[in-house]
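Which chain is which? They are A, B, C and D, in the order written, and residues in each are numbered from 1.
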Amino acid sequence: MLDAAIVLANFVVIPALSYGSLLALGALGVTLVYAVLRFANFAHGDTMSVATMMAIYCTWWLQSLGIDFIRPLPTALLAIPFAALGTVGLLLVIDRLVYRHYRQAKAPPITLVIVSVGVMLILHGLSRMIIGVDEQRFFDGGRFIVSAGEFKEWSGLKEGLAIKSTQVIAIVSAVTLMAYLFYFLQRTRTGKAMRAFADNEELALLSGIRPQKIVTSCWILVAVLAAVSGTVYGLDKVYKPFTYFQLLLPIFAAAVVGGMGSPVGAILGGYLIAFSEIGLTYAFKRVAGHLLPPSWVPDGLLQLISTDYKFAVSFTILVAVLLLRPTGLFRGQAS
Amino acid sequence: MSGRDRVYFVLCLLLIIGVGIFQSWNVALTMINFALISAILSLGLNIQWGFGGLFNVGIMGFVALGGLAVVVVSAPPVEEAWRAGGWRVLSALFVAVLAIGGSLFVWKRWRPKKYGAVSLVVFLTMAFVLYRFLFDPAVLAIEKVNPALSGFLGGFNLPVLLAWPVGGLLAAAAAMMIGHIALGLRSDYLAIATLAIAEVLVAILKHEEWLTRGVKNVTGLPRPVPYEVDLQQSIWFQEWASQLGIDGIEASSLTVKLCYMVLLIIVLALIFTLCQRALNSPWGRMMRAIRDNERAASVMGKDVKRRHLQIFVLGSAVFGIAGAMMTTLDGQFIPSSYQPLRFTFLIWIMVIVGGSGNNWGAVLGGLLIWFLWIQVEPIGLATIDFLTKPLHPTSPLRVHLIDSAAHMRYVMMGLFLLLVLRFRPQGLIPER
Amino acid sequence: MNLLTATNLSGGYGEVDILHNLSLTVERGKIAVIVGPNGAGKSTVMRALLGLIELRSGQIIFEGQDITQKFPQERVILGISMVPQTRNIFVTLTVEENLEIGAYLHDEPISVAMEEVFSLFPILAKRRNQMAGQLSGGQRQQLALARALMMSPKLLLLDEPTAGLSPVVIDEVMERIKQIVAAGVAVVMVEQNAHKALEIADIGYVLVQGRNRFTGTGSELLSDPDVRVSFLGG
Amino acid sequence: MGGRPCSSTLFLTVNWSLLQVCQLRKQFGGFIALNNVSLQIDKGSITGLMGPNGAGKSTLFDVISGLLPPTSGHIYWDGHEITGKPPHILFSLGVLRTFQIPQEFDSLTVRDNLMMVPAGQFGEILWNSWFHRDKIDKQEAELAHRAKEVMQFLTLTPLANEPAGNLSGGQKKLLELGRTMMVDASIVLFDEVGAGVNRTLLGVIGDAIVRLNREWHYTFCMIEHDFSFVSKLCDPIIVLSEGQVLAEGSSDMIGQNEQVVEAYLGLNQSPHL
């Protein structure tokens, strides 16, 4: 019984929690842009990619300096603030050069979506050009917080529980960042102004809120979210420009499922997508092996959908939600 | 077409001739062939976006379906695989279709009743178990049949040219289903939905090995034109080549490419004529009216929903045809080669740069952007090589820059798109 | 001295003028009401006073200062606050947050202003932590007024504050407006509901097709038979 | 209250009404835009629809023309129920409407804006546009001829090849009117044809409406605020207030109806008081 729970935690719950945390951060980035600037930002995946690239270079630099006082934590954590700063600068420059023109011309949202596709291509090309298409590993420090062997010894169970340090980092950093984001949106003057602007732009203008300030703070938040989620994802899995481009879809899925424009929705959507992706493609045979008498355990893997379709799961959920309830499960901004 | 528009096309032609002279005619012809297919894709998107204002970001999926059509139509059948589990797979798919149809029926019938949702879940679970019971062993059996060479069901061994219209029909059928459910969405949601659906389609093609061999690819697909080897060995061809004074091997490869080119031009001309006729007719007028103002068009008696579905299906059929042509040209079906950057976003750049709403513009965009897509790399390489000449040949910066030139195309494409959107939003050849 | 004097305003959206040589004045602590048939350009006057449409000619003086060329934001800072007719609250923010946004341009602490506003609208104090979207129609209208008052404006522009409200609630809202005026704020109010509005007006303007047709005190206008008929659009 | 009573179950009365609206109700959330409106529009009439802002006039048009589904109630066309039918079906019955804010097709020329109107054009079928050009050309020539007449009638001829998006507000209104003249409409629902139109142009439009009514036997129902304009053209006039029919009758009756004047002034004898 306990063994079954451990297997489940090991292969479903913990990976889904850490993956879901990162999806949630990504979806928050998409949803903020949607709420404040009112378009679906196709460039977000590649923004994360460029941010991560900055973090990787910065990590290498710190490593070459021999700075490792935060062992056993990975050096990359020290690099995140620098990457975030760099991303803030990048996004503000892009906004000034690209988006601002269309905002002032009051272009329809669809134009902005196409524009963001252009930005996506440029960022994607830049990351390929600068760091290359290959996988980059920049993780150092301790791999495991709890290793399977230690756990078995300690608990005396047949199954071991392994918790990777990157999984814990993902969950902790996501929760911290989300907490800060909600504090910012709910408690600070600028955060409230941002929500007011997202709610009713004309009235916000009548109240003296300057749109440029809101837009700037929105991009700053998006940059920080992208830097943290991108870097931690790279630590946990691996960094590769194309993978980050592909992350765009599960992120969109999370944002849409939660309701575009709703921060709470984005977070719940992130976990929902992560749990269904991992849960539906996990072979439950090992769990069943601990729960059922040996003669009852079926021959098959007890896997609902083959792992090949991991990504497809989130897209299918996305499409289903779009069709049945386009405002998202948690009521985002309706048309 | 105005004088300036002609200049654009002449410019395209000159660029390609330049490639022929400075690189090689073989390269130039390959480029032309793919540029022609790009022009067809771009026409397809122009039907959807330019005529009707539908924001479809799922082009890749329909192109891939067109590629699948080539496999299904023209690959030789694998008898052993059919015996091993072909019929069982088909019956599993039949069960799946029945289950989906049945669940829709149950949902409609029982939803108001108390146990509607429960009965639906029970029904679906049963259907799923049955489906997996039929499907899994069959797939295993098929994929075991000589996995290094086949391991899939194969096709019908029919002439490959037949695959082109079949690809169109397959894509149209898929578009019909997708359109029925997705076209009611707002434009940006439609974009996300189509992007996702295309990914799912390609994921299926990538992983259903019994159908497509998956990552093992289907190679050696038949051709509508002669093989180089046969040409080289035939006496009349050798004589003809020596008369022209060209090397036999090069002559054969040029001839094959020219044959393809003729076929492609025929198809492009056909689709273009149909597009032009449609656009310059009351049908085109109605479509543009719907695009401009759906509400007013519906009050003026136009059935907006049906028309949207019509152009969605039509444009997707064109993608399917182009996809089949591309797979034929490659001679192989590589599911993992379908990437949204290449098959969806690049087509969007073609239409927007060329001029959406104008068929000439779409064709121009297809030709021009394809040229740039291919040539940005050598041009970039030459530029970097020239600029970094002063550096030592093994200096890390120079090596890195030269390595990265290959990826400049994405940056350049993004830049083109942004520049055109900003300074010439109506495209090179505007709607009218 | 007049707080606001607008003289010979002409302009509109695009090429067609909606306002033609329109003039109006408001004194401190007084209420001016603009009434007239549908399509007379009443709401356009409001937008013109706040600088939301371009004027072709005319002049607007506020506190002796020519503000004709100023941006809407600058006018807000000078003390002109507007309550639009629709979408005039932030539905996803709480009542209190709506008021905080109302005082966005204020640098000093806003608790005093907020207490004042709450004493004027006790119902809002009770619901200060509720989402504004959950308020009833009349409460929403009160919140919209309260939000505009948080800026401590000298002039309040109200665009049909009673539209879509039931008669009992209309009385309530009118009562609040009277209190606001009594506190020294000048009000320009556009009203469909001419009877109720003219009853509390210090000065009334009847607009017909973007022009001044009648001007007078509320009761004068109400008793004038020509005014009554002109409401049918003549 | 105004409006004739009508029973939706026993609809056997022989009458001349072309369009009959019975107990129509439309609710947006808690807001009641139409509160059991019953009225009828007689064949060949020019019916005026007046009322203060927010009385529900445009909503009534939206429901009749199929853009909005009613919450409850029925609409009959020539005795047949048409409640909830989609706009393009109603169009084929001859129900045309214009919008308060002109809804032109801005990238189409003025001529194309007119020529796109008739339904079921031969050339609107894709197959025909490919393979039956000659027949299309013939039909197009007829349409172009009609469009030319309409443009002449409305003094729009010099703008024939201009994209409609470039027109001024008044010209767009004329174009809206012109679109209704491209087909043999049975009833035209006109939403504020006079808004933003100068007096001379309004005269032109008024004349056109009368002529269309007399010569082409159009039935009109028009929302209009300018009482003098309405009283010249319309008989009867129906006044809506707060989602209900307040009064109905000739222009003289309406002009002297104290209730109507009061409604406009905002002193309503609303029944829910």
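One rule holds in what follows: a residue touches a chain if its C-beta (ideal position, glycine included) is under 8 Å from a C-beta of that chain, and two chains touch if they have at least 3 such contacts.
None of these values were measured; they are calculated from a predicted model.
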Intersection of the contact lists for chain B and chain C: A, D
Farthest-lying chain, centroid of Cα atoms versus that of chain A: D
B-D or A-C, whichever has more C-beta pairs in contact: B-D
Centre-of-Cα separation between chain C and chain A, whole angstrom: 46
Intercentroid distance (Cα basis), chain D paired with chain A, Å: 52
Between chain B and chain A, distance of the C-alpha-averaged centres to the nearest whole Å: 30
Chain B residues counted as touching two or more neighbouring chains: none
Where chain D touches two or more other chains, by residue: none
Contacts with 2+ other chains: residues of chain A: none
Chain contact topology (line, ring, star, complete or other): ring
All pairs of touching chains, each written as two labels joined by a dash: A-B, A-C, B-D, C-D
Of chain D, residues touching chain B in the complex: 65, 67, 86-88, 91-92, 96-97, 99, 103-108, 112-113, 115-119, 121-126, 128-130, 133, 136, 139-140, 179
For the chain B and chain D complex, residues of the former touching the latter: 274, 277-278, 281-286, 288-289, 291-293, 295-304, 310, 314, 357, 431-432
For the chain D and chain C complex, residues of the former touching the latter: 30-31, 50, 52-54, 168-170, 192, 194-196, 198, 224-230, 255, 260-262, 264-268, 270, 272-273
Residues of chain B defined as touching chain A within the complex: 55, 132, 136, 181-182, 185-189, 191-193, 195-197, 199-200, 203-204, 206-207, 341, 345, 348, 352, 403-405, 407-415, 417-418, 421-422, 425
Complex contact set, residues of chain C against chain A: 50, 72-73, 76-77, 81-82, 84, 87-93, 97-98, 100-102, 104-105, 147, 151
